[in-house]
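What follows are several structures.
Two complexes, one shared chain (subunit A), two partners (subunit B, subunit C).
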Partner chain A sequence: MSLQIWIDGLFAGSVFAIIALSMTIVYQPTRIMNFAQGEGFVLGAALGYQMLGVWKWPLIQSVVVLILAAILMGFIMERMVMLPVQLSGSKFAWIIATLAAAMIFQSAFNIKYVNVTFSYFDIIEKDIPIFGAKLSIQKLLVILLMLLIFVINDQFLKRTLWGRSIRAIAHNPDTSTILGIPTRPVIKLAFITGTIVIALVGFLATPVIIVAPAAGLFFTIQGFTAAIIGGVGSPKGAVIGGLIIGMLDSVVRSWLGGTWGLFSTFFALAVILVLKPNGLFGKRVEGR
Partner chain B sequence: MSDLRIEGLTVTYGGAKALDNLSIEVKTGEFVALLGANGAGKTTTLRATSGLMRPAAGKVFFGDQDISKLPGHKRTAIGIGHVPEGRQIFPDHSVEENLQLGSFVRRKHRTETAQSVEDMYDLFPRLKERQKQAAGTLSGGEAQMLAIARALMSRPKILMLDEPSLGLAPQLVLELFKYLKRLHAEQGLTILLVEQQARLALQLAQRAYILERGAVKIEGNSKDLINDPRVAEAYLGKAS
Partner chain C sequence: MFKKKVIIAALAATALFGTAVTATAADNPGLVPKKVWNSKADKIKVGLIAPMTGIFAVLGKSQQASLQVVADQINAAGGIGGAKIELVIRDGGLDPVASANHAKELAGDSSINLVVGPSISAFYQGAAVAYEAAKKLNCQPAVAALDFTDYKYGFRSQDFYKDTLTALMTVLEKKKIKKFGMIYEAGPTGTDFDAYFTAQGSKYGLTYLGWEKITSTATSHNAELQKLIDKGAEAVNISNNAYGAYTAKAAKELKFKGILMGGSGAQNIAFHETGGDDFAGTLMAAPNYQWPLRSTWQPGYKAHTDAVVKAYGFNTGVKSGATSPNGTAIAADCLYAYAVAANKVRSLDTIKVRNAMETLDIPAKMTPSGVRIHPGPEHNLYQSDGINVYEWRKDAKGWYTMEVNGINRQAAACPEVGWLAKTASGKALVCAKVGSKLVYKAGN
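And now, the complex of A and B:
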């Protein structure tokens, strides 16, 4: 099997890992799996297409605008998801609230971009040769972004008081509040950070993979699958889960053909759910 | 001054009144017990005071400040400590991490909070033995001590405790109440204690309120209430 397949798998795995990480960032304080998370990926793709592809803006300016837009989207998303959850008091309100948010964002992208698929040129069009295979700078950037986000998130949770307070909020928001932890602002910040993270990978990965305006839910499902395989809520699990499905998809795709790629990832999901229901690195989550 | 004054507090749960025009006051340095049968509104009183519930009517004052509109996490910062019902320690965090989370509002003062952790270990030596252990592995009594120590980490002016004796062996309850007495006597901490064990609470507290159906039924000095037949009656929930 050629090395190229593994390199492509590493790239795809990194994309899925970042999506899973961004879902984990939202999940940590809220215990909510945000099915609208993938729309942030499309935001990155759409703005990349608009700013780099259509308007030919300089890179720095585009990244700054992208981050501002992601902050806005995260802010709106938090209201769309948390307001119904807080008002209804239902344990399951988040499912319908996050799906509704996904539908609304998807419709907005579909209205703005009719018959468009997002693609634009690599930021730096250069390949690094590796034993006959090649790794483009664009793919390398995505892989590095994944590692960076993982390390920052992991260290933040383990080493800082704010990180510990996020784990505390996940366990019990009321008790966190009476200790003086600003629960709601932390949750807002989690949505905003998660959206920035996923918008950045959408922005960087789109030149390689080409993204449709309605593809948000597809990326959500990939990230969700990765998170479940790795163990929901664990940053390490998000990365390993993402890499597993990325590699698997790439290998199976080249071996049996494109349609089998997706099949293999869901098959892997089914196997993991049977053998290790909490995922590879997941802890048992007590029902709340 | 850090008197706690609750005036005409009404809290509703989907139409039903959990608190109905409740007024109580705890003066600085006092030890006050809040007693009553299940469902009388004791926990709701504490939760509304901590800002976990929005009252339909009424005001909460702390010192001279009207804190009725203040978000819950800011009430901790001005000196309201709350040990919630069922302890609610964080089981996946270590004992020490639980304590550090307790000093969240004082996080900028690192040396001070490190000293506070040591003070808590002096006060509750058994916590020191288990400082690196996950809090979920503690016994019921140790967990309750951790919950109290964690609340003390924010250096509250008033400490509200919600049924700290719940689920503890009688021997541990006595030990726990001894700690509360010490905190009150030696450190001058103002305490508002919610308890099911009325007799014990009345022995500790200077004054008490007996709640019934979300309002104050009886109030007075503990000495007078301890033999008052109406207290037992209120506890049995006998409706007038």
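And now, the complex of A and C:
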């Protein structure tokens, strides 16, 4: 099996890992798996296409606008999800609320971009040869972004007041509120941060993979699967889960054929859930 | 009494003769069928079931655009028998159940005269049951598989996959390719393609290396292409939908030296975007697609495409600069053929229009697609003589196509040594250099 297959798997795994990380960022203070999270990926792809591809804007300017747009989307998404959850009082309201948010954003992208598959040039059009295989700089940037986000998130959670607030809310939201931790601003911050993270990977990965305006739910499912395998709520689990499904898919498709990739992913999910019901690095969480 | 019988016999003979003539002579409806009779109906409803949202929305939106353009043109010319055409849109997404339910709804609606869609062969299989039971006339611009002789009320306005694959294998043989394989989605269309390549490949001196199945969840086709390269593939048949663009990208990344080939889906600029300059050389078998040809367009194709571009614009790939109109003329042919058939029999009765559609013979220069429409009992609007094979090329002016097989006509220009074409009577030609000039000589 060629080294290229492993490199492709590492790249795909890094994409899924970042998506899972962004879902984990939202999950920690809310215990909500946001099914609209993948729309942030499409936002990154769409703005990359518009700013770099169509308008030919400089990279820095495009990244700044992307982050501002992601902040806005995260803010709107928080309201679309948390408001129905808070108003309804049902512990299942988040499911329909996040799906509805996904559908609304997907429709908006579909209306704006008819007949468009997002694509634009690599930021640096160069390949690094590795023992006969090659790794493009664009793929390398995504892999580095995954590592960077993991480290920053880890240090943020451990070393900052806001990070410790998130951990406290994740551990016990009611007690956190009684102790005066500002739950709602922390939740807003989580939605905004999660959207920035996933928008950045959409922005960087789109020159390599095919992203259509309605592809958000696909990326959500991949991130969700990675998060479940790694353990819901665990950043380390999100990264490992993402890498597992990316590598497994690539290697198994090369070994057994294309249709076995998806099968192997969900087979691995089933096996892990039987052996470790909370995922590889997850902890048992009481439902609310 | 005798005189009356003679008159009746004469009228019957005239009617019979007239029918025979219309069955064999070419129809001449003009670029836009005009009002030539009075149906006494206010409107004609045409259903469209297509993916209007989701990843294949590009298909549904393009079909809608082309149908609306034809509807507007016919309505402006007085309608069909004075009745104005109204589109009824149903979003089937990529959901076979939703598509089948929409088909049931529209099949059961007596106010609907014609249904276009649902796209995708597997989806149509489910819908066709409802259409046949309700005797609902329908036309399919995105169903490549299935044999339409099985359907009394269904017509296909796409290339039949056997014609497409035959045309491609013919070109591979002439290019002296020996081994080829296929990368295609797992599903009924891929199964049909695989069976046909397996059964027919050897007739063209080709060794078929098999089918590497893909799914919509893969983010790279490098693994699949590498397997075929390892087996010695010199050509690879790629998927018709946007996911086939991953194969184009894999060819670029793995520096595949062989030939990629596909159906009409390879006109999607997503392929140029992902494949980059390496996509040059890719073969595309399709009913007439004149947009990227650097030659004069057929009048009907030009009229339709100009109207589509005026109303809906065209797309430009930001990386490749390749362009494509926001319409699909083969969908327009469904409504155009229906209008011509209804005008021919001066009726909106399903059976009469169906019978008239079977006997249509509309020259290529008039139809929106630029392809001759003559469905016959096979119910294929385009027969094998309407399928061309194009080769994608790129130069300083951008992307364009060249006809590789020139099935219908002798190519006007002789572009380079070794270029293959055919005369109108089907004799093979090859482009050769004589002195300083390039001219066609008799080929093999």
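Methods note: the second predicted complex is superposed on the first by the 284 of 288 C-alpha atoms of A that agree within 3 Å, B and C clash if a C-alpha of one lies under 4 Å from a C-alpha of the other, contacts with A are read in each partner's own complex, and residues count from 1 in each chain.
Here is the rule we go by: a contact is a pair of C-beta atoms (placed from the backbone, for glycine too) under 8 Å apart; a residue touches a chain by one contact, two chains touch by 3 or more.
Here the structure is a predicted model, which means the values were calculated and not measured.
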Examine A:Val114 and indicate which partner it touches, taking first as subunit B and second as subunit C; both and neither are also allowed. second
Identify the partner contact of A:Ser165: answer first if only subunit B is touched, second if only subunit C is, both if each is, neither if none is. first
Which partner does A:Thr177 contact after superposing on A: first (subunit B), second (subunit C), both, neither? first
Greater residue coverage of subunit A in the superposed arrangement, subunit B or subunit C: C
By the touch definition at the top of the document, which applies to A:Gln28: first (subunit B), second (subunit C), both, or neither? neither
Check whether A:Thr206 is in contact with subunit B, with subunit C, with both or with neither, and answer first, second, both or neither. neither
For A:Ser264, decide between first (touching subunit B), second (touching subunit C), both and neither. neither
Same subunit A residues contacting subunit B and subunit C, which ones? none
The subunit B residues in contact with subunit A across the complex are 47, 50-52, 71-74, 76-77, 81-82, 84, 88, 90-93, 97, 100-102, 104-105, 107, 150-151, 154
Subunit C contact footprint on subunit A (complex, rising order): 2, 4-5, 8, 11-12, 15, 49, 53-54, 106-107, 110, 114-117, 119-121, 134, 208-210, 212-215, 218, 222, 249-250, 253-254, 257-259, 261-262
Okay, in this complex, where on subunit C does subunit A touch? 53-55, 57-58, 61-62, 186, 212-220, 222-224, 226-227, 242-243, 245-246, 253-254, 268-270, 273-274, 315, 317-319, 324, 326
Please give the residue numbers of subunit A that touch subunit B in the complex, ascending. 161, 164-165, 167-168, 171-172, 174-184, 283
